[in-house]
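Here it is, the structure, as structure tokens.
A, B, C, D, E and F are the chain letters, set down in written order, and residue numbers restart from 1 in every chain.
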Amino acid sequence: MSKEIKELIAKAEVLIEALPYLRKFADKSFVIKYGGQAMVSEEFKKSVIMDLILLKYIGINPILVHGGGAEVTRMLERLGKKAVFANGLRVTDAETMEVVEMVLVGKVNKEIVGLINRHGGKAVGLSGKDADLLVARRRPPEKVNGSEQVVDLGQVGDIEQVNPGVLQTLCSQGYIPVISSIAVGREGESLNINADHVAGQLAAALRAEKLILLTDVEGIFADPAIPGSLISTLPKEQALAMIRAGKINKGMIPKVEACLMALEQGVGRTHIIDGRLPHALLLEIFTDHGIGTMVTEQGENGNGN
Amino acid sequence: MSKEIKELIAKAEVLIEALPYLRKFADKSFVIKYGGQAMVSEEFKKSVIMDLILLKYIGINPILVHGGGAEVTRMLERLGKKAVFANGLRVTDAETMEVVEMVLVGKVNKEIVGLINRHGGKAVGLSGKDADLLVARRRPPEKVNGSEQVVDLGQVGDIEQVNPGVLQTLCSQGYIPVISSIAVGREGESLNINADHVAGQLAAALRAEKLILLTDVEGIFADPAIPGSLISTLPKEQALAMIRAGKINKGMIPKVEACLMALEQGVGRTHIIDGRLPHALLLEIFTDHGIGTMVTEQGENGNGN
Amino acid sequence: MSKEIKELIAKAEVLIEALPYLRKFADKSFVIKYGGQAMVSEEFKKSVIMDLILLKYIGINPILVHGGGAEVTRMLERLGKKAVFANGLRVTDAETMEVVEMVLVGKVNKEIVGLINRHGGKAVGLSGKDADLLVARRRPPEKVNGSEQVVDLGQVGDIEQVNPGVLQTLCSQGYIPVISSIAVGREGESLNINADHVAGQLAAALRAEKLILLTDVEGIFADPAIPGSLISTLPKEQALAMIRAGKINKGMIPKVEACLMALEQGVGRTHIIDGRLPHALLLEIFTDHGIGTMVTEQGENGNGN
Amino acid sequence: MSKEIKELIAKAEVLIEALPYLRKFADKSFVIKYGGQAMVSEEFKKSVIMDLILLKYIGINPILVHGGGAEVTRMLERLGKKAVFANGLRVTDAETMEVVEMVLVGKVNKEIVGLINRHGGKAVGLSGKDADLLVARRRPPEKVNGSEQVVDLGQVGDIEQVNPGVLQTLCSQGYIPVISSIAVGREGESLNINADHVAGQLAAALRAEKLILLTDVEGIFADPAIPGSLISTLPKEQALAMIRAGKINKGMIPKVEACLMALEQGVGRTHIIDGRLPHALLLEIFTDHGIGTMVTEQGENGNGN
Amino acid sequence: MSKEIKELIAKAEVLIEALPYLRKFADKSFVIKYGGQAMVSEEFKKSVIMDLILLKYIGINPILVHGGGAEVTRMLERLGKKAVFANGLRVTDAETMEVVEMVLVGKVNKEIVGLINRHGGKAVGLSGKDADLLVARRRPPEKVNGSEQVVDLGQVGDIEQVNPGVLQTLCSQGYIPVISSIAVGREGESLNINADHVAGQLAAALRAEKLILLTDVEGIFADPAIPGSLISTLPKEQALAMIRAGKINKGMIPKVEACLMALEQGVGRTHIIDGRLPHALLLEIFTDHGIGTMVTEQGENGNGN
Amino acid sequence: MSKEIKELIAKAEVLIEALPYLRKFADKSFVIKYGGQAMVSEEFKKSVIMDLILLKYIGINPILVHGGGAEVTRMLERLGKKAVFANGLRVTDAETMEVVEMVLVGKVNKEIVGLINRHGGKAVGLSGKDADLLVARRRPPEKVNGSEQVVDLGQVGDIEQVNPGVLQTLCSQGYIPVISSIAVGREGESLNINADHVAGQLAAALRAEKLILLTDVEGIFADPAIPGSLISTLPKEQALAMIRAGKINKGMIPKVEACLMALEQGVGRTHIIDGRLPHALLLEIFTDHGIGTMVTEQGENGNGN
């Protein structure tokens, strides 16, 4: 048998290995949050897009949620406006909100949609305003962390209601929905929502099988200073304790919150994984082993999918 | 009988008068282009939106196409970039294209979608990139009108292919699609398309019953200087002659072209009407009389719908 | 703006005003009883018919029930037979029953069906015998009101069972069912049923959204002698008290009974309105205000629909 | 084996014999005209009704058409009005038409419907006015046969259009349609139609498998005076010749005409059979042999079904 | 009326008599076990097959289960292998199992399928291994009746799970499933199952309307020596008592067990009838009287179907 | 990045490589013939079975056809009957036919069905007699190759008609049909058919996308003595020439014939490949390159799928 044929056979065995996962996930919904560093590199982007298209072809319904903070900041700078943050959230006055919406919906979303379509998928981009997909309430002014000062975050909101009908319509017709993290307020105003939270809430509303948050670190570490301390399975109670202890902080907090929101509403599995790994989505889904950190309701053995 | 009751009866008679039109247009598609001045006034906007929602409720499938040149120009100015036009078209370099897309898709589209949803409709906004709805070819450099100079219009395109499947999916589920005049090129690049042309091509691809172009004049005049010279019915041959004679010019040219594209593909009726009239859409649709100018394949008597 | 255009705009506004009602009543069933004086005048007939057709076109399912006492009496006279009444009900011997059935099913019903079809609707006439739509029990002999004398009303019955399947089949295919107030007895005999009761029972069996009884008075008056004493909203308890006190009497009693039967089975709203008003049905349905008397389970504020 | 068991086995064999016909006729439409003497006897009526119900249960779609001349004449007499005939057709003035419609639709039709329902079928009665099932044109005044005198037959018509949609709706939901031979004219007026012609036209419009005309003679005789001269198979040409020769006359003419109308439009088989035979319908359908006279496009061997 | 016609009419009356049973059993499933002597005679076979096809045509869903002990024994003999029985069951070593499966699935089943198809039905043969229709557990070694000796019956099993999906798929598409009494074990091995038990379990899993076991005696006798002592209706308690008393024995025991399994799971009626009677299935189903012995949950009057 | 992760990524890339083939073959039918040596080895069997199940899961409809000559010969020997061949075909007397049918349908088929089900697929075994899937004509006596002697091959047939309805029913419900190469004759007798021919005819009747014949050689060689002379693409004309020249002979002839039958009826691609290669099916389907010999209508470049 030639070397070439042997290699082909090895490839066929990989397909056969994927079979149990195909069976397990047929017709299930996966909500995938994609952002940060992973979104910047052309190579990482293509890897995520190809994974998404494969998932769709084999009968899974992926729904992609994206943010785009870096692009927003860049555009604000071009307009001579300084980005202001408080409690890790962008202070969003009306002018900033306009820019956030334009950049996320009119630029980042369309780039992703274009990439998926160019590689053979069928994507449709949506903002949370389309079909009232995401309805939110404006967040009241709150104390700045570690201070008595009160800050009005402006058009920043928390999701109150998800109307997922349009997603089901699109998924059942073969489309991959791509969703910008913008919601509509009760008065019709645009509201800026944390994209991790959007993903968590959509997963909850769709009773998704999996919520997968792609980020630019390997996962959650028991001690970020110790590379070997990556946590495979993080039970809810331990996650809350680590937040309180400050061991989970900054951008990782809304990710963990999104996982907890989703778990509470019956989502099967929630994962925080490293989007810089080529084919990170497939690795997570099609191996027994899994990658990154899985957040769970209770302590479990292993990190299977 | 009290005066109040008499007024109510008069209203009921209006509903009864609408009955023949309900019968005639049930389940038909109407492509409506909405732009320019009509889009600026809050009052005109609401009037158009309410008309759209009514059409949807009584069983017609309206599809809304919008442009947004004025908003684009404003944003370019804020970014310190000057709008350049040639042959009546925006010279669209890469940076300009980015702004055009952001403003149309991320701002104007979402405002319209939000308005429809707030008044009780269910709108979903789409760019021509979503689901590869509008596929275009970049326009080659062309001579400047009346000169030997050649100009590269940049990312300006002409539609080559329409994939209307996503519109049918959304319409059949009760949504009103709202479409920005952006297409995708063969290399995945964004292309700026004249919004009237987009409407004409969509009407053609959907075999729409009507194409209605809302503008900010009363219609086409035999002599614009003579108010009474509004043309009710404009046969194709006469329209072409008026363009050649310069009697139809500027922004009216693409509108007439859109009507002719649509008529060629079997669209029933094409109309250029005054969007500043309250309920212009209903007036056009629900009266025997019609308003504005109807462009037709051949000379016809009257201007009925 | 010309006067003509202003009038058209005013008409368009009427359509827009109707929008909330379209939303509210889409796909709901309305059972409408039509009889007495309203049925005699050609003008009133046409008004009712046009209203019915409009309701059907905009997505409501109207079901029409009719009686026809005056026509029956006329035919009996032609046959040299005298109409006899007891307790407000026609004493119906076999020969009379034959005439009742022929006149209602073979004449009145077909006239209404023909009118609807001629004006653009699609009507199908049914007797309660068709598809066993109305199954009734013969009423046992009863005491004459205010006397010790017992009278056998003959083939007069009370509905025991409604089989509404055929109505749903016809409504879903775009037809307007028109129903004569004849039922079938357990031995297959024809039975004469009060048409108001038929309407009440059909509304109950269909869980209709509305029962509307068109009559030839304005509604129920607190004191019929005082024109201004029309009651907008009549709670059940008050209605029963007025019957006991004799303030509601004669032909109004079965109407109120029909409303109460329907309310008990979960029908949303029940109305007794003046069929002589042009477009009485539309007035009732498409105005906040309503007309005539609404009978309700409990006291309510206002008389909205 | 006991005698009782032997008899049961013989019965089972009858069912098995019916099997090829079940296969052949599954889901086919049979239009059956029923009238005259056969309709008068209670015993014959029940036999026809039971046959119809059996056909429906085993998957055939029977459609019943009835006339009712004798009952009409009786009612006219009760009203002191004399029946007048010309050219074998009832001269139908407005008053007569009213009586014809009342008797057929309101009496005869409902009796048949009631009988079917009482014996376990689900019948719905229709006039040709329902759902515009039968649209006709008034017959112009014509010469009296064998005379120069011209007679206006009044509201007598010829069918111009059949709208069979309502029959298909009802048949597919398990109902047996029972149709009175009344049509609607272009001005909405009622028109009296020969019931044999109605059956022929309905069979044609439905592309029925069979048209069966139940009458009160054994079929068509070569010489009515010779009992043994019953014609099993009558080719079209021979039928026309016999009409010209006066050998087929009176009430048999419209029956033969109905067969010829149906044959022209592709109806499979047309039969004139003796409705006085118990289970005449089953005999015709479920035996190779057939009964009565089959009218055919061309000469055929045998009279199989 | 000729004698021939009179006979035809008598036949039509038989069809009419069958009508109430058609109504009663439309769309119901009947599981029929067919075996033993009845399967050997060509004449009996054809009678059963014709009955099955008739049942299918008139809307009942028959499912046929067969065994084939005699054929198995014959093939074993040809292979020089002796059939060994213990406790009335075939001791089934691996080689015997191979023969059992080949004979039942590859010979007996295909003969029945072929017969049904040749007579106009559409049959599909299945083993319990197809689509995992019958999953069984191997029976542990057991004591020989009336002895201390323990015998391993080999590949003999008891059904643990029925997956009837494939039967519903086939029945709904017009096929008659024919099932061999072979099951699949948890390790994929073939297991020999008593065919009466297979029928009982399938009837239970399908919530069949009837379980009918065709055998080669008239039914169950109170005293087999007394021909007149056939029991029409045998309540469960009495059946169990008769087994304990040895009055029901040998091959009749699994039949009674099958009836009891089915009754417990809600099967309507269970019958043990004489397959040697021509058209035994039709006699049982289409007569009020019934034949053979009906086993019931409790004592009932009569033996109707 | 750890070595383990690198390996996982390589595996994910294999899945991504498969994507274009998934797109290309979604919902297509593949008819696969499996026999000879490949069927004997447990390892090869499992490899084929796993490939089939994977194909089914990713949306392809595989249909498996099998023969089983070696097993038949073995059973005939056990019965003391000698296998006789003429012109490369088994001389099949009635006794031999019985054994062929029992072994193929009752043993080989059920083993394959069992294996598929045990590994997670849902298989249903069929003979050509089930649902009259394969109808054949008995082959008339023919001359022995290279002799004047005439031989009656007995119950050997050629397919005349394929009724693929049952395959479509089963495929659409998720089942993998497994088909034994037995047909039914016009008199209901069993006929032995070459399994390659069965596969070719089924592919033709189903307008399959691919016909794949798994064998135990690498493909067709220009000169079997020269290992390097494997032919990748064999145009029809060249194949016929090689048969005439005796360069294709014995068991390879019916395989080439099957390919030609299929090509004539519009089957997309036909392949003869080496079933001894692990995952031969996947290699053929999921690589651009392909393996074995592709038989084509006309000369083509390359051997892509």
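Heads up, the rule we're going with is that a contact is a pair of C-beta atoms (placed from the backbone, for glycine too) under 8 Å apart; a residue touches a chain by one contact, two chains touch by 3 or more.
This structure is a prediction, so every number in the text was calculated from the model and none was measured.
Participant: Chains in contact with chain A and with chain F: which ones?
Facilitator: none
Participant: Farthest from chain E by Cα centre, which chain is it? Let me know.
Facilitator: B
Participant: Relative to chain C, which chain has the most distant C-alpha mean position?
Facilitator: F
Participant: Calculate how many whole Å lie between the centre of chain A and the centre of chain C, each centre taken as the average of the chain's C-alpha atoms.
Facilitator: Between these chains, centre-to-centre, one finds 58 Å.
Participant: Please tell me the distance, in whole Å, between the geometric centres of chain C and chain F computed from their C-alpha atoms.
Facilitator: Each chain reduced to its C-alpha mean, chain C and chain F end up 71 Å apart.
Participant: Quick one: chain C and chain D, Cα centre-to-centre, how many Å?
Facilitator: The separation of the two C-alpha centroids amounts to 36 Å.
Participant: For chain A, which residues are shared contacts with two or more other chains?
Facilitator: none
Participant: For a quick check of the interface rule, what order do the chains take around the ring, beginning at chain C and passing next to chain D?
Facilitator: C, D, E, F, A, B
Participant: Contact residues on chain B for chain A in the complex?
Facilitator: Those in contact with chain A are residues 75, 78-79, 98, 101-107, 109-110, 113-115, 117-118, 122-127, 129-132, 165-166, 169-170, 173, 175, 182, 184, 188, 190.
Participant: Can you list the residues on chain F that touch chain A in the complex?
Facilitator: Chain F residues touching chain A: 1, 5, 8-9, 11-20, 22-23, 26, 50-51, 53-54, 57-59, 120, 277-279, 282-283, 286-287, 289, 291.
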